[in-house]
Every structure is written in C-alpha cells, then in structure tokens.
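First chain A sits with chain B, and in the next complex the same chain sits with chain C.
And now, the complex of A and B:
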C-alpha cells in the first residue's frame, strides 16, 4: 500500500492555517526569508532548474527552463498565477486557495525574488468566490506584516499581488488565453511565438505558473534540491546521446473522482501506478475498472489493460496519454463509454472559444456525431478503408490491408483528426484546445470501438461487459507508440 | 417593438461603495482596459445584470468603446444580459458529477421549481415565475470529490441528494 506523502497539503487541515500567525508557526514565510538571506536570485532559478520541477498545470513543461527564457533586461516583468482551475476532474487548487492561501503567497514571493518581478496577478476562476475571499484576506495580512508592498522586510524589494477574477470561460486556463483575459479582452489564445516569457501580459515578459507549481517553491528552497529530487522517479532519455536525465521529481496532488469509494485529493510521490492510486482512494466502487481518465477530461483514456501505467509525466506520455493537471476520473463496469464521451464533447463544444474555424465548427460536429450514435441514429452503413498500422519495415503506415468501419465512426475520427491529428500530434488551431478535443474523441472510439459499434448496430446505447467492450492493445493502433524510440519505451 | 426602440434606460452609475472599490481596482493595472472583468463583476452585482446602460458606463470608465465591452460580456458565461432570479442555481453536469447522478438533482430541481433549464440566450426560460430562482446548467465547478454539486449565488452545496436539495430550497425560500 502506497503511503500518502503530504508536503503541499501537510498543514492543510490545521485550524486557522489561513491566518498569518498560525501559518507562521508552521515555518510560514521562513523559506522566503531563507531565500533572501542566503541566496542570490540566480541561485534560486538554478535550484528550481536542478530540482526538475515540472509545471503542474497541464503541459508538464520544466519550470526552470521556462524561467530561463525570460529576458532579464526588459522590465517590468509580470507573474501570472494560473488559478483558473476548470479542467473537469481537477480540484486541488481550490483547497490551497480556500485553506492555505499564505503558502501560495510565499511561493509567489520566492518566484518574484528569483525573477526580479514586482507585480503578480492571480487569475482566479470566477466561480471560486470563497477561494478569492480567502486569498484576498491573506494578501491583506501579508501587506500588514510587511511581506508585500514597498521594501519587503527591509530588502528593497517591491512586490505586489493582485487577484483578478475570471468569468467562467474554460479557455482562460490556457496561458495566452489567460493573458488576453487579464488584459480585459475575450479570452482567445494568442499565436505562439512570441511565447509569454518574451511577450506576455501588457506586451512585457511574463511568467505564467499554476498554483501547485508555485506552492512547490517554498519546499524546494526550504529543504534543498537534494531532498526534493529524492521524491519521484528520474528516467534516462535515451533519445539523446549521452542520455539526458528526465526528472519526474516531487509530489503531485492527484485529484481522484468518479467510481472510487473515497474521492478526494491525495498527495503522493510521482510515479505510482494507476491501480495503486485507486487503492489509495479507498478502492473501486463497483466490480471492475472499465476505464480511467488519467489527467483531466482532455487526456486520452486508459483501459483496464493499462492500469499498471505509472502516473507521471514521462510514463503517461509514453502511454500516449498525459498527466495533465492530475485529475483522475475512474469508471466502473456499469458505465457506457459512448455516454461518457458525449458528456465530454458537450463540454468542449460549449467551451470552444470560437477563434479558429476547425475547432469552432469541428467540436460541435464531433458532439453531434456522438449524440447521434447515443440517440440510436448512428448510420449503419460501413465503408472500407485502408488499414494503418505498423508495417513490415517496423514503421507506421499503410499496411496494404483494408478494414470495415461504420461510416459514422470513420467520420468521427476524421473530423476529430482534422481539428488536431492525434497520430502526428499536429493541430490546425492556435492553441492546444484542439488536441484536447480530438484526444478523448479518437482514443475513446479506438479503445472502446465494440461499444460504439454496438450502439450503431442496435440503435441504442448498449453497455458491454468490460472484456468485450475493450479492444486489446495488440489489435489496436491507439496503443502504437509511433514516435517513441524503442529504448525510450522500455524504461 | 416601437416601445423598445424609444425606451430610454435609466443611466447607470456606481454607488459610493462600488465607486471606491473601482477606484482601488483601476490602480492595479498599467492600462485601464485590463480592469474590465472585475469592473463588470462589480457592475453586475449592483445592477443584477449587464444592461446597455451598464455597458455604456463601464466603457466610459475604462475609456474603451461600448462595442468592446459588449464583446467581452458576450464571451463570458458569468455575465448576464437578461434579468435573472434572486438566486442563481448553477448545476454542474460535467463527467465526474454525471457519474454521481447529477441528473437526479437536476430533474428534482426542475420539478420542484417548476421551471425549465435556462440557456445562455434565454435566461427567462429557467427563471421561476416569482423571479426568485434561475436554474442553469454549468460546466465543471472543480469540486468533483464531493459530486454532485450545485452553486447558488456564491455558495457551493456538496454531495447532493433530492432530500438535501429540498432542505436548501426551504432555507432559501425562508
């Protein structure tokens, strides 16, 4: 049995930890004081780089590397804290904001010191009214105690934190969408490059970090890099010669929901397996696991064949899925995958920002196809199409064989792949929302194709037993690891 | 129709408390336009919903065109352009809540309030005849561990069952 390892959440349940005095008793702000007393700003940036901390918001990009892109000679530079937690299945930031807001402030202070930032905007989703109230109160306290404002603790640093409420748009969680929204416009993502690190909010260099990422900083500074890197696995990326380390260090706030007995946030070291996590969360509610969404609704689904996949950034990427924001949704044998996909597609059709045509029209189109299948109106005609797979040369391509497929399923795959192609990982949209739509659509369809076929054949939703509903890995190209070299796959 | 055309709306201005809040807010950003979302939140709190007069006032305050304000208001689901009930009931219906039977809660609310579900373009459809409640579906409220959840104005209600919904509605009806 895996033990919980509470670091960020360690003092979450201490009464009144949201007040300065109680937070102070639990080492509050001492890590920041240590940072300014013992280290130069560049030392902190180097520590973060060495710690291997990866952004917890979704993309899993190295925080240290992100910081290194920020030009140091252009001022002002801004920090945007992304607290627009909207990914279905994710709810860890909410608890930090509501229960321990001072921890976030301390993280922000350390980031500001390291990057020479004077102004921080915390973009909180509009629905987090309690979280915003708690954070505002904590910020006020920090100003009174001299940890924010002009000349912080007599060091000559000027640091301001402002909260900025969103207004219910999912796309504002995308970093450039967030920046547009912060500037008072529609939250439509920008074309990249230039990346926010070079030209972000108000056309100035901007660091955008998730709440959880910033909350990691006090512990990296307080306990040191060595302590931090001991947690979680570090793999060797053999695509490079010599192999480069690929760290998945630290803990992750896994949010687990759906069919488990004790849903909630569990802080664990990165790298435990999917079935271990289900066990930690009180076990499955039901007989059998049918499917697991490993990283928020936009992540490709995992089947019961893949439950030993380790839940860290690298392993899930190799499994052609993603850890994303760590929102794990478990489904038991009673669930119908077509119905679940319909629910998710309704979400995306509602949340598409409307900027790019493939996404604006494609997403509702995918939803309508799934709706049609779920309503029993799936077109029963089949078409014959070339079968793609691993060819004799060991590469991906046309195998020379053909396969029969229902017209609607082919259409579903084709529309989704034209928003963003999940096989080549190229998208026809400005932001990654496109891939967040086609990933679930295509992976659900490929991995649970018998259930989709049954719905079309029978003219109604049919929930098949788990073994029948799932396509075995060796038969299905949803599992093929097309762009990943063999050595890397055999970690 | 002609009535609508000639109708002159009462101009909108912030009350004293909100004006103070706005003055504080505007200091935070290097450009005034950036205060758009918080300003609209304040305005909606005061006026109940975003009327053309509110948009005009906000545009003047932030030194942008009215069209720009309208552009923003239409993008974000939390801003209403029509009157809503005293209590806005937001029912989450995204996957984790759906797996925990949010539909039962939604149907119960519908039956209890005797109203339909509001759509973004037709809020009146989901508002009760006495104007007390507006029922709407929303996407994930980020509380999947305590699903199914609903949000009534600023408050979140967790682990709902039809019985709990009855209790909540009774308290609100007062």
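And now, the complex of A and C:
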C-alpha cells in the first residue's frame, strides 16, 4: 500500500496555520531566513535548477531553466503567481490559499530573493473568495511582521505582494492571458515569442509560476537539493549522447475525483502508477475502470489497458498524454465516453477566448458535432480513408491499407486536428488552448471509437461494456508509442 | 540587408521587414486578414502562416510549428549562423503544410459566414471571397446551425453586418491607435465575439463611432462587415473606374483614389503616401465630394439682366466681360485667384492679369480657417484650402506682382470698379466685410461651380470645374506638389477654369495658347522658382517635394 508523502500539505490541517504565529512554530519563514543568511541569489537559482523542479501548472517546464531565461539586467522584473486554478478536475491550489497562505508567501519571498524581484502579483481565480481573503489577511500579517514591504527583516530587500482576482475566464490561467488580464485588458493570450521571461507584465521580464511550484521552494531551500531529488524518479533521456537526466523529482498534489471512494487531494511522490493512485483514493467505486483522465480535462484520456502508466511528466508524455495540473478523473463502467466528451467540449466551447480563428470557430464546431452524435443525429454514411497506424519502420504513418469510418467521426477528428494537430503536435492557434481541445476530442474518439460508432448506429447514447468500448492497444497509435523506440530508460 | 530564400527565390530584404511585406515586394502573396501595415500585429487570423527553417539544418528541416508571416521579421544572421551556408532566413509560403493550414483556417472563417455575396457591398473587393477562390475548399463540411449576430448601426456613416465579420480586430485597433478615440471593442467571447460600440444594458448606444476618421474602418475591413452608408447598394465595385488624385478638403493633400462612373463620382478612397497621409483620409474628404454630383451645379454662364441672373451663352458672357474690361483702367481692376484652384489655373490667371490687363495687384481668396483636428497618427489641418501655398507662390511669381490677402485685399476691392473673382470653394459663405466690399464693385465677375453668396452679387457668373473635372497640380502645406486628374466631364457647358481665363485673354488680344494643363505646368517649371521639376511627368502618382 502506497503512503501519502505530505510535504506541502504537511501542516495543512494544523488549526490556525493560516496565522503567522502558528505558521512560525512549524518552521515558517525560517527557510526564507536561511536562504538569505546562507545563500546568494544565484545559489538559490542553481539549487532550483539542480532540484529538477518542474512547473506544476500544467506544461511541466523546468523551473530552473525558466529562471535562467530571465535577463538579469532589465529592471523591474516581476513575479506573477498563477493562482487561477480553473482546469476542470483540479483543486489543489485552493487549499493552500485557504488554509496555509503563509507557505505561498514564503515561496514568493524565496523566488523574489533569487531573482531580484521587488513586486509580485498573485492572480487569484475570481471564484476563490475565501482563498483571496485568507491570502490577503496573511499578506497583511507578513507586512506587519516585516517579512514584506521595505527593507524586509533588515536585509535591504523590498518585496511587495499584490493580489488580483480574475473574473472567471479559464483562459486567464494561460500565462500570457493572465498577464493581459492583470494589465487590465481583455484576457487573451499573447503571441509567443517573446515569452514572459523576456517580455511579460507591463512589457518587463516576468517569472510566472504556479502556486504549487512556489510552495515547493521553501522545502528545497530548507531540506536541500539532495533530499528533494530523492523523491520521484529521474529518467535518462537516451536521445542525447551521453544520455541526459530527465528528473521528475518531488511530490505532486494529485486531485483525484470521479468514481473513487475517497476523492480528494493526495500529495504523493511523482512516479506512481495510475492503479496505485486509485488505491490511495480508497479504491474504485464500481466494477471496473473504464477510463482515467490523468491531468485535468484537457489531457488525453487513458484506457484500462494503460493503468500501469506512471503518473509523472515524462511517462505521461511518452504515453501521448500529460500530467498537466494533476487533476485525475476516474471513470467506471457506467460512464458513457461520448457523453463525457460532450461535457468537456461544452466547457471548452464556452471558454474559448475567441481571439484566433481556428479556436474561435473550431471549438464550438467540435462541440456541435459531438452534441449531434449524442443526440442521435450522427450520419450513418461512411467513407473510406487511408488507414494510419504503425508502419513496418516502427513509425506512425500510412499503412497502405484503408478503413471504413463514419463520416461524422472523420469530420470530428479532422476538425479537431485542424485546430491543433495531435499527431504532429503542431497548432495553428496562438496558445495551447487549441491542443487542449483537440487532445480530448481526438483521444476519446480514437480510444473509444466503438462507443461513438454505437451512438451513430443506434441513434442514441449507448454505454458499451468496457472491453467492447475500448480499442485494443495494438490498433491504436497512442498505445504503440509506448512500445516503440524506447527513448527513455530508468537511470 | 538580409539574404532570404523565399520559396525558390533568393531575395535581398531589409532587416526588420516581415514575411508578408518581404513576399509582397517580390510579387508573392501571403494571404492575411488581421495584418495591416498601418496597425499593430495581433496575429489572430492565422491566415498568413508560413513555414520557416531556423534550425542549423537549414532548408532540410522545417520548424515544427508554422509561423505567422506578419509577426516573423527577417534579421541578418551572424556569419556563423548562416543557413545553407549563406542565407539569413529561409521561408516557404507554398509548401503543402502551408497550403493545408490556409485551407483549414479558411474553412473555419466560413463556418458562420452567411455567404451573402450577391447582396454584399464588399463582393468583388473582398479578401474572404478572393482567398476562398485561391486557397479554400470548394464545399462546406459544416452541418450545424450558424451564428446570426445582429446588424448594427455604429455611427453616422458606418453599418456593421456582424454575420460577415471575421473578428480580425483591424477596426478596433484603428480606433485605438490611429484615431485614438477607442469607440470600438469586442463584446462577448469565443464564437459569440462581436464588434460593438459602448452600450447601456438596454442596448442604447453610449458612444457612436463618430470621429472624423471613422470612415477608414470601412476601408480596412477585409470583408463586408463594416459598410459605408454613403456607398451602400450604390454600385458594384467592378463597375467603377478609378483615378489617382488628391483630396482638396484641406491643406494636407491626402492621396486618394476617385472612383467614378460616367454619371458622377461614387466614392473616395485613401491611397497610400508614406509622408502625407499613410493609409488614411478623414471623413470630410471622404464624404465631401457630393457637391460634384449636385443637380445645382452651374451649367451655363449667367448674366445680370434687370437685376436677375439669367442664363446665357459663353460668347455673350465673354463679350460682356471683355467690353467692361477694355473700358476700365488697369488700376481699377482686381483679379482674385483662388487657394482652391490648381497651380495651372492660378498661373494662367496671373499671366492674364500681368500680361493682358497689366495689373500687378492680385488677390488670393479661399475658405476661411476652419478647425484643426489632431489624432495620434493623423492631422486634419485648419486651412481648408488645398493649394494655399501653391497659389501664393504662383500668383506672385511674375515680376512686380503683389498678392493681397485678407483686409488689404478687401480694402482694395472696395475701391475697385471691376473684380474678377475665381471661386473660393464650393458654397463659400461671405463675411460681412467681404460682402460689403463686393457690393461696392461696379462690375463683378465670379467664376464658381455652385451658386454662392458671391455669385448672388455677381454681374456675370462663369461656370467652372471641380477637382474631379480637371487636370492639374496642387501644393500642400508641407511643400508636396501633387496631381489631380480629370475623371468625369464637367456638367453642361461648364469649363475648366484656366481655359475660361485664357479665352478672356485671347479676346482681349493676349497671346496665350495652352492646349492642356501639362503645358502650363511646363511654363510654371520654367518661370516659377522652386517648381523647376514640377512637370506632370515628374510628379506622377507619388508627387514631388519642393526644395525647402
């Protein structure tokens, strides 16, 4: 039985941990004081780089690497804390904000010290009214105690934190959408490059970090890099010669919901498998697992064949999915995948910001197609198209064979791929919202094609038994990817 | 300069140029909607996607993502970073991936488009139509219900057909960046995005798109969403003839295209000039052409008979005038040129005054000063005459000529017996002093295009021509000499102003024999200092700037 490994959440349930005095009893701000006393700013940045900490917001980009892109000679430089946690199935940041806001402040202080930042903006999801109240109170306390403001604790550092509530748009969780919204504009992502590290808030270099990432910093500084890197697997990237380490270190706040007996946030070491996680969450509610969404609603779905997939950044990338924000949704045999996709597509069609053409008009189109299939309006016409699959060379491509497919399913796949192509990982959109739409659309359709076909054939939603509903791994590119060229191996 | 491989061409491109412009300079079209050279670049239409090759492998290895041609700029690479051994940049606008991306984007653009080209004003000059033919699918795969956002009245001259809108936001950016008035914005989100003006909860407009540059949003709209009420349902654009000309609404001298048919002018569009108006014109100029088509235009010469102005024929009108002129001393005659007239008109006029009548005191008449309007990237000048600078120089060009303006002029006029006044602009009202002075004149000749307060006082009225009915040059306030061109014939028996003057000169025994405006321009170039290069041939469409 796997045990929870609570680090960020260790003192979450301590009464009044949200007050300075109680937080202080549990090493509060001592890691920051240690950072100032023992390390130079560059040392901290190096520690973060060495720790292998990856951004917990969704993209899983190395935090140390991101910091290294920030030009040190342009001031002011800003820190933007992304607390706009809005991915469906994700709810870990809100507990930090509501229960232990001082931990976030300490993380911010360490980041500010390391990067020479004086101003931090915490962009909080508008719906988190309690979280914002608690954080505001904690910030006030920190000012009173001299941990924020001018000349922090006599060190000569000036650090200010401002909180800014969002207005309810999902896209403002995208870092440049967040920055636009913070600047008072319509929340629409910017074209990249330039990345925020070079040109962010008010066109100045900006570090954008998720709440969870910042909360990791006190522990990396307090307990050392070696302690931190012992948690979670580190792989070897054999595409490089010699192989480079690909760390998935630390713990992750997994938000487990759906058909499990004890849904909730579980802090676990990275690298556990899907089935282990379901066990941690009190086991499956129902007979058998039909599907698991591994990283928030935008992540490609995993089938029951893939329950041995390790839930870390690298393994899920190899499984053609992503860890994302760690929002895991478990579905049992009673769930209809067409219905699930419809639910998700309604969300994305509603949340598309409308800035760029493919997403603005493609996303509602995908929703409408799924809606039509779910309503029984799927056309029974079929077309013959080249069958793509694993070719003799072991690569994905045209197999030379043909396949029959319902016209509507071909349309669904094609429209979704025109927004963002999941096979080539290229998108015509400005931001990655496009891929967040086409990933579920295409993966649900490909992996649970019999259920979509049944809905079209029968003219209504039909929930098939798990074995019948799922496309076997050998017929599906997404699975095959895991078995062909093994580019990563355990160190 | 950077060496760029564009498709299979090898081209030299200035650093900082984007791919759309670089390709355009070499005759390759990169389709685009949101990009406009005069505005910022949001890269939101995703139509200008191109394939770039920035890895060390050069043209062997395209970048994974397509790049937007509007925001990708060309830079000279350091010597060790040259691609394929010599190029600074490699880009393809014709690869299969690029073509597919264009097709896909066009399909999305047409998903909610009503396809109402048969009743759309933009048909024929619509980027959506053109690109669909060139790059799009031949049929739609869209089976669902289309969005039907409402048609909106945005302001005095602008209608919005929201259904046709592709949300490129050019109009919004124009209102923010060029006019600085910011009336336009996006409302709603996602596929329900609509362009709109500020409104109350009940939908009543709180601010209209009512600035002096508003008409430009119609020009920059790549589709038929923003439509000019003035031109609505007037004509198909392909039936219109076009001529390059210059706006005569104020002393800026914006470059325009006059679009016309035989029966009149249909609309005025801006024409790019880097140093004068960039891409824009103001609504005063855009909508100020209506007097040209007016039914009230003077078509025949008028002569005062028993205190009433009655139509007559040219021979009669001119003989009345020559009779009067030949009986009067030169000192009692005042010839007044116009800041509204071309350099050619004024040159012939001063030649007539100096050589034939032998007066040296000429007047200069024009519209009184109006209001100046300053916008972040555009200025409408207070001087509402297109050619003040030119008229001043040309009228005073002969030895001994003195150009009188304002009070000095009217003082002189009030003591004169005969005044020959060339139009100060269509329907130019007279101030009290001007009126009193003109009333004192024994014999007043007015040359104009419309009835005005001055023509009411005249003894003979000669029908002249507007800026679309004659060739000529005008000089703007910054010293640019530019050409206006004849597009339509003058109404009735109206004649080009310098021809009338020349006819008078001939009847009085003067030796003047210009056959067309270009000949006068050559005479100007020979005789007026500073205008040595200002022949029609040299001026062309771009104009020339006089030496300071």
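Please note the rule applied: the second predicted complex is superposed on the first by the 481 of 491 C-alpha atoms of A that agree within 3 Å, B and C clash if a C-alpha of one lies under 4 Å from a C-alpha of the other, contacts with A are read in each partner's own complex, and residues count from 1 in each chain.
Everything that follows uses one rule, which is that a contact is a pair of C-beta atoms (placed from the backbone, for glycine too) under 8 Å apart; a residue touches a chain by one contact, two chains touch by 3 or more.
All figures in this text were calculated on a predicted structure; none of them were measured in a lab.
Of the two partner chains placed by the overlay, only chain B lies in contact with A:257; chain C stays clear of it.
By the touch criterion defined above, A:169 lies against chain B and chain C together after alignment on the C-alpha atoms of chain A. Once the two complexes are laid over each other on the shared chain, residue contacts for A:130 go to chain B alone; chain C is not touched. Of the two partner chains, chain B and chain C are each touched by A:186. Of the two partner chains placed by the overlay, neither chain B nor chain C lies in contact with A:321. Here chain B and chain C are compared by how many residues of chain A each touches, and B touches more. Once the two complexes are overlaid on the shared chain, A:425 sits against chain C while remaining clear of chain B.
After overlaying the two complexes on the shared chain, residue contacts for A:351 are found with chain B and with chain C alike.
After overlaying the two complexes on the shared chain, residue contacts for A:470 are found with neither chain B nor chain C. In the superposition on chain A, the residues of chain A touched by chain B in one structure and by chain C in the other are 169, 186, 350-351, 353. Residue ranges of chain A in contact with chain C, taken from their complex: 169, 186, 191, 349-358, 360-365, 368-369, 372, 411, 415, 418, 424-430. By the touch rule above, chain A contacts chain B in their complex via residues 85-91, 93-94, 125-130, 160, 162, 164-170, 181-187, 202, 255-259, 263-265, 293, 297, 327, 329, 331, 335, 340, 343-344, 347, 350-351, 353. Those residues of chain B that touch chain A in the complex are listed here as 28, 30-31, 33-38, 40-41, 62, 64, 68, 71-72, 75-79, 90, 93-96, 98-100, 138-147, 151, 154, 156. Chain C makes touch with chain A in their complex at residues 42-47, 49, 64-66, 68, 71, 101, 104-105, 107-109, 111-112, 141-145, 166-167, 186, 188-193.
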